[in-house]
Every structure is written in structure tokens, then in C-alpha cells.
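Heads up, the thing below is written out as C-alpha cells.
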Amino acid sequence: MNMSMNNLGIVKRSIVRADRAVVAKLAQFGVATIHEAMGRVGLMKTYMRPIYAGANLCGTAVTVLLQPGDNWMLHVAAEQVQEGDVVVAACTTDNDDGFFGDLLATSFRARGAIGLVIDGGVRDVKDLAAMKFPVFSRAIGARGTVKATLGSVNISVVCAGAMVNPGDVVIADDDGVVVVPAAIAQQAADAAQAREANEADKRKRLAAGELGLDMYKMREPLARAGLKYID
Amino acid sequence: MNMSMNNLGIVKRSIVRADRAVVAKLAQFGVATIHEAMGRVGLMKTYMRPIYAGANLCGTAVTVLLQPGDNWMLHVAAEQVQEGDVVVAACTTDNDDGFFGDLLATSFRARGAIGLVIDGGVRDVKDLAAMKFPVFSRAIGARGTVKATLGSVNISVVCAGAMVNPGDVVIADDDGVVVVPAAIAQQAADAAQAREANEADKRKRLAAGELGLDMYKMREPLARAGLKYID
Amino acid sequence: MNMSMNNLGIVKRSIVRADRAVVAKLAQFGVATIHEAMGRVGLMKTYMRPIYAGANLCGTAVTVLLQPGDNWMLHVAAEQVQEGDVVVAACTTDNDDGFFGDLLATSFRARGAIGLVIDGGVRDVKDLAAMKFPVFSRAIGARGTVKATLGSVNISVVCAGAMVNPGDVVIADDDGVVVVPAAIAQQAADAAQAREANEADKRKRLAAGELGLDMYKMREPLARAGLKYID
Amino acid sequence: MNMSMNNLGIVKRSIVRADRAVVAKLAQFGVATIHEAMGRVGLMKTYMRPIYAGANLCGTAVTVLLQPGDNWMLHVAAEQVQEGDVVVAACTTDNDDGFFGDLLATSFRARGAIGLVIDGGVRDVKDLAAMKFPVFSRAIGARGTVKATLGSVNISVVCAGAMVNPGDVVIADDDGVVVVPAAIAQQAADAAQAREANEADKRKRLAAGELGLDMYKMREPLARAGLKYID
Amino acid sequence: MNMSMNNLGIVKRSIVRADRAVVAKLAQFGVATIHEAMGRVGLMKTYMRPIYAGANLCGTAVTVLLQPGDNWMLHVAAEQVQEGDVVVAACTTDNDDGFFGDLLATSFRARGAIGLVIDGGVRDVKDLAAMKFPVFSRAIGARGTVKATLGSVNISVVCAGAMVNPGDVVIADDDGVVVVPAAIAQQAADAAQAREANEADKRKRLAAGELGLDMYKMREPLARAGLKYID
Amino acid sequence: MNMSMNNLGIVKRSIVRADRAVVAKLAQFGVATIHEAMGRVGLMKTYMRPIYAGANLCGTAVTVLLQPGDNWMLHVAAEQVQEGDVVVAACTTDNDDGFFGDLLATSFRARGAIGLVIDGGVRDVKDLAAMKFPVFSRAIGARGTVKATLGSVNISVVCAGAMVNPGDVVIADDDGVVVVPAAIAQQAADAAQAREANEADKRKRLAAGELGLDMYKMREPLARAGLKYID
């Protein structure tokens, strides 16, 4: 079978990363704000959770496609990492094994990586928390993995339900993980900024007791939809 | 179809809340104690978890029935909230979207609400924790919601497997969420108090090494049931 | 039916516990390290989680087989506990009810138990955390249990997917729960020690920027497996 | 504690069943149609499935509240069954044990019951299929149950997320299970009939190639919502 | 916010479908064979199941992005369907509601669609089975949906974990659902054919009692990996 | 590390199978009956389901421990199979990949195997059904597996929550899968026979309208437990 047909066994070395200044700007906003600003796309599934309270990250994606129970490609990915990258690892099937621990975190950090997003399990979470190396994962699992089967690095992957291309911006915090395609990162950052400014004013009015019903002018559409008040 | 047949599109404004003094009394006890005191009824499913460590609440229910991916009715509910209320939101189907965030929390608090119990997702959890606004939910989800389809406010709802009527007392802590019907709130509070007093003595005896087998006189019924000790 | 056919309704009083010195040695290592040292066997499923951050334990197993919604056998087990034991409770079926709370924890501790691993629910988790009584469970559930049906104590059980025999060493931390058969505990402890020593050196080299690809000599096998680098 | 506070340990003998003629009328329509006709309320969770292909039922509810791993109350319920009843069994907690098998089915049928809806497990499914005794359940489970702890019969229950009162009409088919409160059964049957008539015409037009876009006049609202067609 | 940033509210009318002859060729092979032939990529999650035994399909994808509880875009998609298309519907979040039933199936078929793959719920499954309209879905759910919020048609979607572009070939049978990108459809069909030919010979040898150990020459690599035979 | 410490990389060739006559006797009874007869032990989790309606099997276990995404050991197991064996495959972690298909089934059957029980995925289910090769599995999954990492054959395994030793009797039907240890197989068969005889009489009496309440003499214990009848 011709290798060009599939996307296994490939490492792409040259990828176009989102602009650093834009990444820095996006880092100022939370996942929920950016997701809204993008028009509600790019969010990973809600099972992706930080391994320690307060973990958060914003960086450019180096993508990895793993095989179940096998973390070989994470070692391959380490070499492709540059300053400010986030490794985003998908797996060909659902798997909670511990693909990643403190040794790989040490290596990733030494190469410039600022965190990991993995649709799989991780271990050594106490050490990772002590290192303050942010990880968002589907599970915590102590089971070790082998190094036997090829996946790929820096191909397009589907990670926890979201499409991720190498170089995309990945932002993660307590609310989850969102992916911003590199091509629209500037636009998304601008929209997030506008949205945030807008929210401060709304917050003040709501805190003063004004109702969303009035502030958002919902009474008329609610009545038109047939809402009935009874006593 | 006659609207009276179903319970969608309705806001009930006048509800009978459990007595404030009774709510205050119930607030002194934990969920497990109250649940036992009531005869082990009224508990929500175990997937309902606090969004930050130590969150807890005790108040009277303003109920909401939501549609998936739509938080319109939470805005409608805000107007119905009175001092000491807990908003209890059910959804017509399983949905992890982020129905609620810091703006709605600001509004709810301004109207007197002391917390939220929602069989759905919430977001802005870092902000909610900073505000110390207690929320118990099925998920944390950043995905925003629309305002397009009617649900209801202050009807009877099934929330995470438990029946909740407006005005019922809702208590939530690290152990879960329990609902006390307004009509039996005084009785439940009294029973909880009796139980707690009882527990202090038991704790002392067990700490001194006395076995539950003896304290609860279990040896005879165990033998009768056929328990065999072997070496 | 002959009782010898099954393993219900039995309490075994005399069990052979792993050697104390070996248990103490194993206590120095994490779950992931021990699991690797044993050749990647003996791990419980990843749904077993600590009920408070930082909980960990290492001790000898007193095993319990529970019936759903029934914690009678935990009371029976309390009498069999000796200093340094961990109660390991399986259930005949999946059940999230609150089999265990602060009263039983008080009793267990008074008898010498240092923690609990339970494939079921627990409650009073705030109190348990305050007591620093480590518990690893499948769920937090406030629903109380009855004392009506026999299970067994100190028989072989399957707990969260792992075989546990009475006297085995059970180690649990943030990464999960692992079981070391008493017969190989010394061997496992030695292997864990060797592994840990080995890791310190690797960590240093990775921190200095050396790649796992080179340190583990992966480049040649990767090429042989067909990995292709493209630009 | 006063027994009146809770709803365990009670059998209500006299219940008001929905009118037979109305039940017969509702039996002509499918679950999806009735659910729509009622305004989209009363549906059980989608995990409730028939145990054999083609199973379906429509009858009046005799409700049961079970304890986990305990089917005592199903025997109590058998006595309360009348011709045309459906036993609707909820459980105080999630449990997949085999509460029901061919012996109970034989007994239920002998008493007049036409089927079972149970938020728990059932067994002997081959026999049940051969008997053509329709059952909708959350699981198939061979594990037997004990008869040790009280639940109740003919109280209000929450079964698979739906509120069911004794005497309500319960309809189940390949699409799921829906509950029609006795008080609105006539109204629901009429609405279902109207809806079905309406559907026949729509089906014909759609089969002829007419688009829903045109038949339901959606083009204008879609454009107003901002839908853009591109090439 | 600039609409070009996101992919909601868009209908792409002109898409490039995989060649008809290639689709016909792929239709001769099963999902497992095609998945292998492609190098084990493109498979949807295993929760996607046929709604009736024996359902299968092979066609070109018209993609849909749905909002939870809202099937508006399926009506929009109907107009874009051409002879031989399969509608592939993703949803912005996990949702088991009944987005699709016999009326939409009638419309889809009238427009030329040969089936549906939907990461959501469907209803009227008895009618759909009678129509022999193949559907693969995550759930069967009777709950109806609204028509209120925009999604998109013929954009790239992630459906049940697989990336699908409009015009791709989608094949589904008892084993699951696989997506073949239009650009490599010919290559995949050829590889599947080669694989199938190969399998016939293997089947014959295995049926004659030859071991895979010998046929695939596994004994030597197994020994090298350290496999030990004991008695 | 000493290989004797763990149980990976081992094939045990000589195992003691349960007596053929006893297996034949057990084959006459259903899973639910045998499970009851054994005192309610040995049942696998309810997620284990037949891949086609009516599949059933009864034979002696050849056990396999698989690695995720890797079916190498199934080929190794084929050689160990004897007439009347059932291959029982556990996996070191949860995995839904397609470990098994029609080629392996052909090989297994040629060697004498009568079926497969696997805590993993299988594929080619249409072919397996056509072959009438019974399989009970956790999932149907088309994803192929590699042959790269050692597991073991004929060691003790935990499969879907049940302990299985090589040579044990495994019975599976529509109700699930149960394991009978070889040492008690005769006893279990006798108990099952007694139970079945007993059931025929009960069935007749229940069919005649006698209540379980009376037949099992439950009225007195129910009253003693506090059951109250109200009108």
C-alpha cells in the first residue's frame, strides 16, 4: 500500500506556527471567552481536565498521533518542539494508559514546551504538579506504555473531538481546552478582547441588580415565544 | 394542543418557600446526615459535584427546566429569585454545555441567590470559585448556549434523578445534593439533629476501640444469617 | 447447596501478611514506579481516585466482598484489622452508594487500619479529609447502606479489575492503586528501588536537553519501523 | 423518625388508573408521536431499551421503588397488579442486577400485567422473548437479587429520569418509553391523533420531492438568522 | 466578529464528490477491510451503531453541523443532497435527542440520499427499518428537536471522532463507520481489493488447521521478544 | 527484573480442563441458573454482550492476556486450543479495538475452539454470525491491531471483572457470561439441575395465579420489616 494514502509513520519538521505576539495576546483571555469570540467552535470534549488545580496554558501546537498503550511518538515529538509549543496528543483509539510522566515532562520543558494536551492518560501527576507543568488529559493512569508502533508527528489530528493542525494556538484552563486555527488567531484575539471589554460593563450592571431580561431586551422575544407568567 | 397539558413555557411567580428558620437549622447538618434522617430519599445522582473544593449551600429552590444548549430560562429565573434561594436547573436531556458563568452568578447573587444546582455544565469556574458562589453541576463545559427555546420556571422538575418542587430545601456539600420537601423540612431538621447527637457518642466509643459488631449488636444476626469464621 | 462451593458468608481470621519491612520499603515508591517494577501488572482501573488531594497509603490488605447497598461486612472486617492494614473492599456489582463514612473510619483507625480502597462509594468526605484518613474509591455517594446480606472477609476478591488476596501489599497515591502479591513483595521493592535510582540519572540528562530518541537509542528502530521525516 | 416523612415501606392499594378507553386509544400511537403531542415531556432516558426486537406496550402504571440488588418489592407489586397494568420499577440507586426473570413474568402475566419498565437489570431474556412479555430495562444482568430491604409500591417514583405516578399511562416501543399523566391522557391521545393525521399528508409531499424548507416555510427565518449560501 | 472566522451559518452548495465508479467499487468491501487497506485511519468511534440489523451503506458525504436539540440544518441539507449521497451529521456537543425520523428519511430518499450517519439520536426506528433506510447513530432517542439555531452544511466536520469533508466516501456496516477522503478513494479501493484477495487464501489455510504462528512466521519474533513456554 | 515476578510473556501448555461430562451437563443450563446455583459468584460485568442474537457457548477456558491494540497472543493461543475450549481474553487495559475477526475464528474453529469471550472489541461480526461462531465482547470495533507486545496464555486473568483460570468452565448466553471453577464444576452442575427442577413447579403455581408473597412465605417477614398497606 502506498504510504501517501495514510498519515501514519510521518514526522513533519517544518510547520507554520501562529504569530508569537498573537499567542501572547490570546494568553490574556480564558477558554470560555475565546470560544465565544470564535463563534463557538474549536472546543474539546468536557472530559479533558487539568491534572492539578489552576493549571493553564496557551501555546502553539505540535501534534502527535499515538497508538493505544504506546508512547513512542511522544519521544519523537520532543525533538520537534520549539519554545512556546504545546504538545497536543491524540490517540487512534480511546485509551487511559499513562503515556506521559515526569521524565517526558522534563524533556519537553528542556526543549521549550510549555504544556501537554493529551486524549489519553498521564501519570506522575504529583511530580508534574510540583514542576508546575500543565497537563490536560482524559484520565490519570499509572499503566506504562511500550515503544513499538508508529504514529505520526505534526499531521492534522482529531483530539478529544476537536480538529488540531500543527501551529494552531491551543488555550487551556479550568473551563477546558480550545483550539484557534493559526490563520484566524489574530482575529480571534481581537474578538476576545472586544468581548471582554463588553463583559466588564455588563457585570457592573448585573451586580447592581439589573436583570438580564432587561439588559438583553429579552422580555419581548420571550412573550412572542409564548412564555406565560402565572401565580 | 392545549398548553395546560404540558409544563413548558410557564413561569410560576408565587411559590411557597420552606420556613427560613427551618432552612437555617438544616444548614447546620451535612447532606449524608439529612439524607439518613429523611429515611434515605431525595438524593441526586452522584455525578453532581461541586465546582470547587469546599463549596456548600442550603436554601430554598427556585426551579428551572432548561432546553439543551439554551440558557434562556436562567435569565427568566433571575427575576424570580429571592433572598436565600438556590436555583435548581434541570434539562430536558443530558447536556454538558456551559449554561452558567460569572455574569449570571453576579446577577443571581445581586437578586439574593446563594448558589446553583444544575444538571448541566457551567463555565468560568475560576471566577465562580473566586466569588465563592457555590455551584454543583454534572460537568464543567466552556461551550456557550443560545437563548431561543422556552423551558419553564418554578414547575416540578426531575434534577439528576431527584424530584424538586419550588420552595423545597436543597442542601449540597462535598457528599452530594439532597432535596427536602418543604412540607417535611421541620421534621427532617429535627431528625437530623437527633441523629447527629447520636453520632457523637458512637464516634467516641468507636475511637476507643469498641467494635461496631458489639455496639450495634450485629453478632447474633450475622450468625443467624450464616456467617462462618474460619482459620 | 454445599457452602464450600462459593465464597460468600465467610470470614477468614488467619491471613499471612506481607513482611512489615518490605511494606515499609515499598512505601517509599510511587504507584507508577512499583507498577513498572512489577512488569506492569496489578493495577486497578483508573476510575479509582483519592477522595482528597494528596491522599496516599501503603499497607497490607484485609479484603472484603460487599453486596450492593449493604456495608455489613465492613463492620465484620473491622475486627480482623491489624496495625498497618488497608481494607480493600470489592462489591458483587457496580454500586456508588456510600458504604463508608467517618464513623467507620474512626473504628478502622482505632483498630490499626491506615486507609481504605473501595470499589464503591464513600461519604463524609470532608470529615475523612480532616481526619487525614486516606480513601480511594469509585465514587462519592451520600446514600446510606443497610446491613442485611452476607458477603465475606479475607477471601480473594477482584477489586476495580485487580485480583487482591488478603495480606497482599496495596499502594495508592495520586496516580492510582496497585496491588503487590505478598510472595513477590520483596522482589518488587528491590526492582522499584533499582528503577528509581535509574530514573534520577535519566531525569538529569533529559533536563540538560538530551533527547529520549538518543538516550534510549530509538532512532534506528524508528527508521526500521518505517518512520519518515518530511518538510 | 416519623414514617410519614419518607416514602419507603409503603404499599398503596387503591390507585386511580387512567381510563381504559383512553389507554386503548394511546396504544395506537408510537412513543415519538405521543411525546411530541404532549409538548415534549415525560420521556425516559435513552438508555432504556427493549430486551427483544419489536417489544412494545401501553398500559397503566403500578409503580415500584426497589433497593439495589433486592427485588422483594416486585413480589409485593404482583398482588397490586390488575388487568392491563404495566409495572414501572425505579431503584434508589443505579443498579444493573437481574431483578426480574421468567418466574416473575409468569406471575405478573397471571395477575394481568402486560409488561415491565425497570430502571435496573433483567435476566432470562430468552425466555421472556419466547413468552413475548415486553420488558424495557437499563441493562441485562444475570446476577440474582435478595429479598431483604423494603422499598414501596404505588408511590410517585422517578424512573430513568421521568416522574411516574401510579395509574399514569406508560407507552414503550423501539423509540423508548414515555409517561402520560392520567389526568391528561385523553388530551394527549387526541393530540397524538391530530398529529398523526397531519403527518400522513406531510409524508406524501416529502416523498414527492417537496423540501421541508418550503413545506415548513423555513427559508425566510433561516435567512433572517443569517444563513449564507456559498459556492 | 467577522463571519469568515468561524464555520457556523454556512451552506456550501458546490462540493466535489468522489468518483461514482470508485464509490461503487468501495461498496463491495466491508468497513474492516477498507479501514485496514487505508492504513487504519478514518474510523468513527465504536458507539456508532446501526439502528437495525444488517443496515449498511456506501456513498458520498453531505456534511451537516447540528446544534444540540435542533435539527434545522437537516432540512437545509436535504436540498443539497444528490443521488448516492450519505448525510453525515455532527453536533457541536454530545446529544442523544431524536434529530431524525421517518419524515426526514422520506425527504432524504426522495432527493437521492441513501442513508444517514449521525453523531446524535434518531427516532421512528421501526419505520426506518421498514423503509430499509440505513442509519448509523450514537443513540435512539424519541425526544423531538427544535428549529431555532444555525449550524452549517458541507463544511469539514468531526463526526464521532473522525474528520469528514463533503464529498468523502462513507462506508458503514455491522462493524462500524469509516471515512475515505475523496482524494484517495481509488487508492483505498484498490488496496481493499488486494487485501480481500489475500484473505481468501489465508482463510483456506487456517481452515485446514495451519496456525497463524506459522503462516505469518511469528515464532521467531515471539521468541526474540522473550515469550516462554512452560508446562 | 526476575521474570518469575510477573505473569507477562508466558504460555502455559499443560492445563487441567474441567471434566467433559460435567461441561456437557452444565451446557444444559442457562447462565442465570448456574450463577444462582453457585451462590451468585463468577459473573462477568453486564457490558459483555453476544455479537449476534442467540449466540451461546459452554466450554473450557484457554485464557489470554492481551495488550491494548495488539492481538499477537490470540495467535499464540490458537495453538493451545483443544476440542471444546473457549478462548477467554482479558486485556491489560480497557480497549475496544477489533482484536478478533473471521480469519482468527476460522483458525480457532479448525483447532477445536467453540467460541470466544473477550474483554475487548471484535470485527467481521456479519461473517462471525454467518459462521455461527459465538462471541461475547465488550464492543464491536473495526480497528485492526498490531502484533508487537507480549501478553500471556493460560495464566489466571481477570476478564470483565471475573477471575478466570485456565480449564475453568465458561458459560455464556443472552443473559451474560459466568465462570465455574473446574474444581466445583460437578457441584455447580448438580446444584443447577436441582434448581431447575425446582423452578418448573414454581412456574406452574405462579402461572395459576398464586402469589410469590404466599409461595415464598414473604408476608410475615415483610410485616416484621415494617411494610404498611394503605388505601
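For clarity, chains are labelled A, B, C, D, E and F in written order, and residue numbers in each chain start from 1.
Going forward, a residue touches a chain if its C-beta (ideal position, glycine included) is under 8 Å from a C-beta of that chain, and two chains touch if they have at least 3 such contacts.
Bear in mind the structure is a predicted one, so any value in this text is a computation, not a measurement.
Touch-path distance (fewest steps) from subunit C to subunit E is 2. Equivalent interface to B-C within the set C-D, B-D or A-C: A-C (over half of contact pairs identical by residue number). Separating the centre of subunit D from that of subunit F, both taken as means of CA atoms, is a distance of 32 Å. A straight line joining the Cα centres of subunit A and subunit D is 41 Å long.
One simple way to say how far apart two chains are is to compare their mean CA positions; for subunit A and subunit E this gives 26 Å. Subunit F has residues 3, 40, 53, 92, 94, 96, 141, 143, 149 in contact with two or more other chains. Pairs of chains in mutual contact: A-B, A-C, A-E, A-F, B-C, B-D, B-E, C-D, C-F, D-E, D-F, E-F. The touching residues of subunit A, counted against subunit B in their complex, run 30-32, 35-36, 40, 43, 46, 49, 53-54, 173-176, 178, 199, 202-203, 206-213, 216, 218, 221-222, 225-231.
Of all the residues in subunit C, the ones that touch subunit D in their complex are 67-70, 92-97, 141, 143, 146, 148-149. Residues of subunit A that touch subunit C in their complex: 3, 9-14, 53, 72, 75-76, 78-79, 96, 98, 101-104, 106-107, 109-111, 121, 123-126, 139-144, 147, 149-150. Within the complex formed with subunit B, the subunit D residues making contact are 1-8, 37-41, 45, 92, 94, 156, 158, 161-163, 184, 187-188, 191, 194.
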